[in-house]
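One chain, subunit A, links the two complexes that follow: it is found with subunit B in the first and with subunit C in the second.
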Partner chain A sequence: MKKLSARRRHPLAAVVVLLLALAATGGLYAAFAPASKAQADTTAQSLAIDEGKKLFSVGCASCHGTGGQGSSDGPSLVGVGAAAVDFQVGTGRMPAQQPGAQIARKKVIYSQAEIDQLAAYIASLGAGPTIPTKSQVSPEGADIAKGGELFRTNCAQCHNFTGKGGALTHGKFAPSLEGVDPKHIYEAMQTGPQNMPSFPDTTLSEKNKKDIIAYLNAVNGDDTESPGGLELGGLGPVSEGLFGWIFGLGALVAVAVWVAARTAKAKKS
Partner chain B sequence: MSSQDIPEENLPAEQVDEHGHGAVALADETNPFADPGLPPHEHRIQDIDERAAKRSERVVAMLFTLSMLATVGFIASYVAIPRDKSIFVFPLGHISALNFALGMTLGVALFAIGAGAVHWARTLMSDVEIADQRHPIEAEPEVKAKVLADFKEGAKESALGRRKLIRNTMFGALALFPLSGVMLLRDLGPLPGTKLRHTLWSKGKLLVNMNTNEPLRASDVAVGSLTFAKPEGLEEHDEDFQLQIAKAALMIVRLQPENIKDKRELAWSHEGIVAYSKICTHVGCPISLYEQQTHHVLCPCHQSTFDLSDGARVIFGPAGHALPQLRIGVNEQGYLEALGDFEEPVGPAFWERG
Partner chain C sequence: MSTTTTSDSRPSREKAPAGEKVADWADGRLGIYSLAKSNMRKIFPDHWSFMLGEICLYSFIIIILTGVYLTLFFHPSMNEVTYHGSYVPLQGQLMSEAFNSTMHISFEVRGGLLVRQIHHWAALIFLAGMFVHMMRVFFTGAFRKPREVNWLFGFLLFVLGMFTGFTGYSLPDDLLSGTGVRFMEGAVLSVPVVGTYLAFFLFGGQFPGGDFVARFYSVHILLLPGIMLGLVVGHLILVFYHKHTQFAGPGKTNNNVVGMPLLPVYMAKAGGFFFLVFGVIAAIAAIASINPIWSMGPYRPDMVSTGAQPDWYMGFSEGLIRVMPGWEINLWGHTLVLGVFIPLVIFPLVLVAIAVYPFIESWVTGDKREHHILDRPRNVPTRTAFGAAWISWYFVLLVGGGNDIWATHFHLSINSITWFVRIGFFVVPVIVFVITKRVCLGLQRRDKDKVLHGRESGIIKRLPHGEFIEVHEPLSQEALHTLTAHEQYQPAEIGATVDENGVERKVKGSERLRSKLSEGFYGEDSQIPKPTVEEYKEITSGHGHH
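Right, the complex of A and B next:
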């Protein structure tokens, strides 16, 4: 101790003390800092945004502008939210093949990971609806009857009573909801893609959306029962009437003609 | 019955006439369109061959037996198959087993009766054509004379000409009776009065969201969204709910105020939120096929199209009027409220609409 105290006036003493103090502060910080995981998340998030920006510049910027601000060929994407990206790209509607009355569903080009990166980038441009979680879109525990009521009030005018779709003006149409991922149905209600109006949570609550998804799952899912059978596309009286007139009456006429035309005589003339 | 039984004049004209062989048979002057008569009867195999006839008999009996079995099957499936059982049948998909079984057995039972009857008639019942001559329509002179004489006798016996009181009161009774039918026509009324011109909307009534049954706030309604509203106080279990909602149903959309072309529409809106009648002005279909980018609303019944950014003007289809707009504002708590009733009658035009 004597030796140490004797050297306290040494020219390097201040440097040594400073180093010790710095090391202690650093060590304490490393030991107590709470943010190691959060830090990793933010890094991953900003990495996703960076990757998304790259994908955006290649696949989307020609129409939606280099910063997603929109152009004469495509709308601004500021504030549309991750849900809109997940819907448009996840159903193959975007990137669009060509402009037209309506951009239709087609083969999905991006992987889900890439879609998530794009969504992260677009979400960073301005706040908007987020991608729903699994439990938000699962039909479990939802009220199917209420969902049917809500569907008939809000959706059936365009998508038909069991979601088989229908025609709109000038080549536009409401697509069939058969085989559509519940997540995409939820996102469509929330964001209102193309000419579909949106049904935000303020007017159609999260629970209501879940009910609607459960209803569609019950009437238009893979295991949906059709007690009558042969539902002819589920389009209602037009296809049913056409079938009745052509095939029902047609069969009767054909049988009558067959009965009268075939002679029962032994000597065929 | 064979051709010998057919009267002489109905037999086919002889092909060979007196004037020469091979000449086309010319009908005589007095009867230019001689009746060629029936073709000679030809036998069926069942008429000649008893074994074939037995075969036909067995086929018919088999069809009738099949029908009986199907009926038994119908009863058995009605009893045995539970109502909620579902099966997969190839072209029909997942269907109710009970419906399928009942339909199939009923169809087979009826079809087999019909097919058996047709086969029986075609192969076993007599197929000889029989001509039945028409008789003149006019009655014999003696019959006519008797009927007229009977009528005159009856008229004399009834003394209708002599007892004028009976005759006149009878005419009166017969003439008045149809009036009771005419009276019932009153039930077609009464006239609707002003009912067609008014709805439940009035100043200060809140706009209630049809989904949540809660009043709508202005801040709830996003640009591009579509919401349906009913007047405050009208509940679905009300006795006259259908009657009232048929006139009062509203669709609420929010446009960017700068996109609204019609001045009155802008003035009657609240920060771009506009409320229009949901009832088509053509024949009154509920109309809500809203395209949020074009702001067009399409009626699914006859394709009338309205432009919600231009006073709901008709831009296509048979509708005769723009959709009526409801004037709205917000109250102190931020809830949307009506500022009065519709200015014009909603729905289809009527005679006195003007």
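Right, the complex of A and C next:
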């Protein structure tokens, strides 16, 4: 102890104490502060936002404004949330090819990683619905019949009984739901893209959405069987009438012509 | 008959064969010998278009047969039950017994779905067949005296068929048909003054109530088919009584029928044709789905789907309502819904327009003679143009009825289609009328040319001085006869308005109208005078170039 007390007055003593104190607080902080992993995530997130912003200024800003605030050519994206981006870009609707009654589905241009970056950027502009998880959109454990009832009550007016699509005013339309990724159906209900009303969780609960997805999977999915034979588009009496006229009556008239031509005719002079 | 002659030549003690005994027994009680004698050798002419009516008859029989099978399993009740059948996406849903039993027919009853689909497809084809059959009769003028009554029978069958179809389509109480019934209720409600009472009477109270399926059921399986069956029998009796019409041709006159006898040729053909019709309809029912009620779900008045249309034969009424602007008048606390009421009034008029035409035509021509020789449509341009215009009118309305399907499948705006139908409702028939008439006149000119100058042989000849001519071959006598067999009416003049004493007679308005119409039907602009014998002789006597 003598040695230590003897150097107490050493000119560097204060510096050493300061270093020790700093090391102690730093160590304590390191021990008690949130896990360092979280720190790394924050970095990735901000990286994604940065990358998303770059993609946005190239592909989207001309209509939606440089900060996503919107312009005369496109709506503001503040608060639309990541789900809206994942739906619009993930189904190829955005970036839009041309203005018109409605922006249609087309080939997806961005990779899923890029879509995620764009979504991260838009989500950073204001809070909004997030991209659903796998379990939220999986038809497992859902009530198909309940989903059907909900679908007929809320969706069939525009999308038809089993989601074959239908017409809206002035060239707009409710698209067919055949072959649509369940994630996108969920996001569409959540965000209400284009002419569709939105069905937030307060209107259609998470369970309800799952039920609807399960119903669509059952009646309009890849494994759906049509017990009656050809579905004829599932459009109802118009396509049935057309089929009945062309193939029903058409075949019968052909048969009639055949029968009439095959008769014990007297020889023509 | 040959059987009676053989029995005469046989010693009377010998026992007659069993068949003869049965025939004798029946003859003594039913008089079948004379019936058979007069009808077994009935002649029917051969043409495929004369078999369109048979398609209707056979599909009607198929509908009755399959319909009987369906009644064995269908419960016409609107009591609410919970579904426990094998179709998973509806399990646990509440529905009416009618829907439940239709699901049962479709998924659990052996052959139920196939029979349901045969029944429904046959209904669509029955109506389509009647439509085409009616048009065949129309365009060939087969409705003329003495067949006016039979024309009306046929027309009534078509209209009753529409309503039988509609009531049948409503029975399963599914979401699609329920929307159709709601539509009908709305139309009834729009009738001024009595509409509400009528609707309450029909549904036994507020829509949908608990009665309409049972009521529609008795209408669908008993009342309407009963009347239709009677009309079909009457229709056939009249066909037998009038004998069948035939197209003009050598040896065919207004007083004979050239063709094959009922027995054995036509019996064999018609019998075989029945099975062909049954086969085609069954094949279609096995291939293609129709009215998949499991996809539509049970009816609930708070639900609706897009693409909710009636079957095709009611489609024109759907078109009327879809394109009608939503006008309404409010007076003294009452609403007159013109947007629905006007279509309701036009709906029967569309049908009546074609039904009354034969009577208008016979009034204009003033022709009281019987006609058993059919017209070629081109030789009666005004009638043909009217028929084509009517079909186009009907088709425009069908486009209106399916405007949403047109919009989605042809990437059009539904509003533009609606406007097209609104304008087309007035304009398209006129355009089609004019064009069809021109086409008919053109064909008449071509016929005339063929008669006078012969058929183009395709052989080009070079004359010594270098001119090229095409060699025309004269037609055969048969062809000449067929092309010139039709008679042409002359426009009816208003007779002298002053009699021999110089007294002016009053000319009635109807007489003036008739003369005007007659000029329009048969005037210079409406038919090409057919070649006369003199013209033919002059041209073929060697003075002509070819």
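Simple rule for what comes next: the second predicted complex is superposed on the first by the 259 of 269 C-alpha atoms of A that agree within 3 Å, B and C clash if a C-alpha of one lies under 4 Å from a C-alpha of the other, contacts with A are read in each partner's own complex, and residues count from 1 in each chain.
Please note the rule applied: a contact is a pair of C-beta atoms (placed from the backbone, for glycine too) under 8 Å apart; a residue touches a chain by one contact, two chains touch by 3 or more.
From a predicted model like this one, the values you see are computed outputs, not experimental measurements.
Student: Clash or fit: how do subunit B and subunit C relate after the overlay on subunit A?
Tutor: When both complexes are placed onto subunit A, subunit B and subunit C end up clashing with one another.
Student: In the overlaid three-chain picture, which partner chain does A:T202 touch, first (subunit B) or second (subunit C), both, or neither?
Tutor: The answer is first: A:T202 touches subunit B but not subunit C.
Student: Looking at the overlay, does A:Q194 come into contact with subunit B only (first), subunit C only (second), both, or neither?
Tutor: Once the two structures are laid over each other on A, A:Q194 reaches subunit B alone.
Student: Would you sort A:L230 into first (subunit B), second (subunit C), both or neither based on which partner it touches?
Tutor: both
Student: Have a look at where A:S138 lands relative to subunit B and subunit C in the superposition and call it first, second, both or neither.
Tutor: neither
Student: Please indicate which partner A:S76 is in contact with in the superposed arrangement: first for subunit B, second for subunit C, both, or neither.
Tutor: neither
Student: Once chain A of both complexes is superposed, is A:G148 in touch with subunit B (first), subunit C (second), both, or neither?
Tutor: second
Student: Spot which of subunit B and subunit C makes contact with more residues of subunit A, would you?
Tutor: Touching more of subunit A: C.
Student: For A:L168, decide between first (touching subunit B), second (touching subunit C), both and neither.
Tutor: It touches subunit B and subunit C both.
Student: Tell me the contact category for A:T130 with respect to subunit B and subunit C: first, second, both or neither.
Tutor: neither
Student: Looking at subunit C, which part out of 223-231, 331-339, 403-411 or 457-465 clashes with subunit B after superposition?
Tutor: Clashes with subunit B appear only in stretch 331-339.
Student: Show which residues of subunit A both subunit B and subunit C reach, each in its own complex.
Tutor: 153, 157-158, 166, 168-169, 174, 226-231, 259, 264-265, 269
Student: Which positions of subunit C touch subunit A when the two form their complex?
Tutor: 46-52, 54-55, 88-93, 106-107, 113, 117, 121, 124-125, 128-129, 132, 175-176, 250, 260, 265, 269, 272-273, 276-277, 280-281, 284-292, 294-297, 300, 302-312, 315, 401-405, 407-408, 411-415, 478
Student: Taking the complex as given, what residues does subunit B use to touch subunit A?
Tutor: 42-48, 86, 89, 91-96, 99-100, 118, 122-123, 127, 209-212, 216-217, 219-222, 224-228, 253, 286-294, 296, 298, 300, 303, 305, 316
Student: For subunit A, which residues count as touching subunit B in their complex?
Tutor: Listed in rising order, the residues of subunit A that touch subunit B are 150, 153-154, 157-158, 166, 168-169, 172, 174, 192, 194-200, 202-205, 208, 223-231, 259, 264-267, 269.
Student: Across the complex, what residues on subunit A touch subunit C?
Tutor: Touch residues, subunit A against subunit C: 101, 143-149, 152-153, 156-162, 164-171, 173-174, 215, 218-219, 226-232, 234-245, 247-249, 251-253, 255-257, 259-261, 263-265, 269.
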